[in-house]
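Below, chain A partners chain B and then partners chain C, in two separate complexes.
Up next is the complex of A and B:
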């Protein structure tokens, strides 16, 4: 599966959150990224046909941005207005069946985004325009990954974010426990290459333990199912 | 009351809808407008401080735009990102108590914007980011004026739109029957100037008839109230 991250950020290089995320996805082979603001910074402007055909090779497209006034910065909207022409999206159905993911970073706490909270509306409500776009384009809208208050995260929280983010970019959807574990095993398999025999054995041990755990979960699920059936 | 219309449209001069609306608001003295795209077209870029202080004199600010991918064109977002700094909006509360109106034009029918319709979400839902902005800025969010399928309107519908639009720009809110009639009487009064005696008398007749009607409505309301009280 190939993933394209379209980043909208007027100061991408200066953003600690964005640079952390960039360092993370550099470890994945099938992930490419594009900072939209850099496309518009070019002297000869954006090449619409080039951008349209660039999307073809990807299965998952991610819009990644900090929330500015309850939506993306203007550059993502400019890109959508320019590249996602009606012809491209509606007549030719060019991105149909692709997945659309959203990685949105917040300066405020997630909990403020609800009725009665200081931001009044939920992230789901505020992202309706993007959800409506995915619907019109025939794309599968993925549950957004919301990263709030990165600046306050301790190292453990950042590690968790890193895994969540990498899975959001490259794991099979939905992000169920089974799909997360499958992803982890694949990642571990790929890190074995070029390692010493000893290290490979250690990695295999971890993989086996994960797979045992997964089998245990499956067998527990079966048990629960049986008990439920007996109760009915 | 002074109103500023901030228009976001990449092809303002070519848009039949926008040109119709422009011809309409030209008849109002206390209404100014600014095409945001023209601000950004200037060689020396946008002057943020100038734009910030320009807003000061207005009581009602209107965002006017065609719906592009379920929100405004990028230029309005760029303007918001640049001019509505956190300092200006949140720390200094610079637009607090002003009214925020939205005039949004649609190519599709209003009825498509609902659950089960081809556009899936309502206009209210899609405009949440602007509503959330108004909330944060301490502005009064006015019920949006939605203009759909202008191209299919017959002359009578266009006349109605013209009145609705002028009232949205300059009448007291909310747009109750009483506030609409008050607005109409004021407009008629101001057209009397410089007219012949005969014409002034004709206008006075219309004004008197409107005021009579208004009095009738008030007296009917009183009657209904009395009947209800007797019933209880």
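Up next is the complex of A and C:
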């Protein structure tokens, strides 16, 4: 699966959160990225046909941005207005069946974004225009990945964020136990690179055990389902 | 935890401690969490099976 991350951030290079995410996605082969602000910063401007054509080669498109006044920074809206023409989206259905994911970063705590919280509105409500766009375009809208208060995260939280983010970019959705297991097995394979034969064998044994455990979980689940069906 | 899960946690902790890459460390840690989750799900299903098989309704 091929993923394109469209980043909207006026100060991408200066953002610690964005640099962390960038270092993370560099570890994946089938992920490409584009900083929209850099596209608009070019002297010859944005080539709309080129951008439209480039999008076709990807299965999952990610909008990644910090939340500015309950929306994305202006560059994403500009990009959408310019590249997602009515002809491209509605008449030609050019991005139909692709997935649209949102990676939004917040300076405030995620917990504030709920009814009764200091921000009052949920992230789902605030991102509704992007969900509506996905709906109109025939795209599958993925549950947004919210990264809040990165600066306060300890190393354990950053480890978890890294995995959540990489899975959001490249794992099969929904993120069921089976899909997470499949994804982790692939990543474990990649960690063998540059390791001694002994270490590689240890990783292979881990993979075999994980797969056995997963088969056991699936088989027990089937048994439970069968007995439930017999009883009802 | 089953013996297999305990063994997995031990192996993965060693791999994590021996690796310098933050990305690899994160992958090993996530695998530890996954192994524990598998263990929990298997136990829950096993308990439900036992409960349903030994239900007094069937006595």
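In this text, the second predicted complex is superposed on the first by the 220 of 232 C-alpha atoms of A that agree within 3 Å, B and C clash if a C-alpha of one lies under 4 Å from a C-alpha of the other, contacts with A are read in each partner's own complex, and residues count from 1 in each chain.
The definition used in the following text is that contacts are C-beta pairs under 8 Å (C-beta built on N, C-alpha and C of every residue); 3 or more make two chains touch, one makes a residue touch a chain.
Owing to the predicted nature of the structure, the values given are computational and were not obtained by experimental measurement.
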item	value
First, second, both or neither for A:184, with chain B first and chain C second	second
Contacts of A:50 with chain B and chain C, given as first, second, both or neither	neither
Per-residue touch tally on chain A - higher for chain B or for chain C	C
Touched partner set for A:10, first chain B, second chain C, both or neither	first
First (chain B), second (chain C), both or neither touched by A:2	neither
Touched partner set for A:133, first chain B, second chain C, both or neither	first
Touched partner set for A:143, first chain B, second chain C, both or neither	neither
First, second, both or neither for A:93, with chain B first and chain C second	neither
Shared contact residues on chain A - chain B and chain C	none
Complex interface listing, chain A residues touching chain C	24, 27, 156, 158-160, 162-163, 177, 180-181, 184, 187-188, 191, 199, 202-203, 205-206, 209-210, 212-214, 216-217, 220-221, 223-224, 227-228, 231
Touching residues on chain B, where the partner in the complex is chain A	10, 68-75, 77-78, 80-81, 84, 119-121, 125-126, 128-133, 135-136
For the chain C and chain A complex, residues of the former touching the latter	4-5, 7-8, 11-12, 14-15, 18-19, 21-31, 34-35, 37-39, 41-42, 45-46, 48-49, 52-53
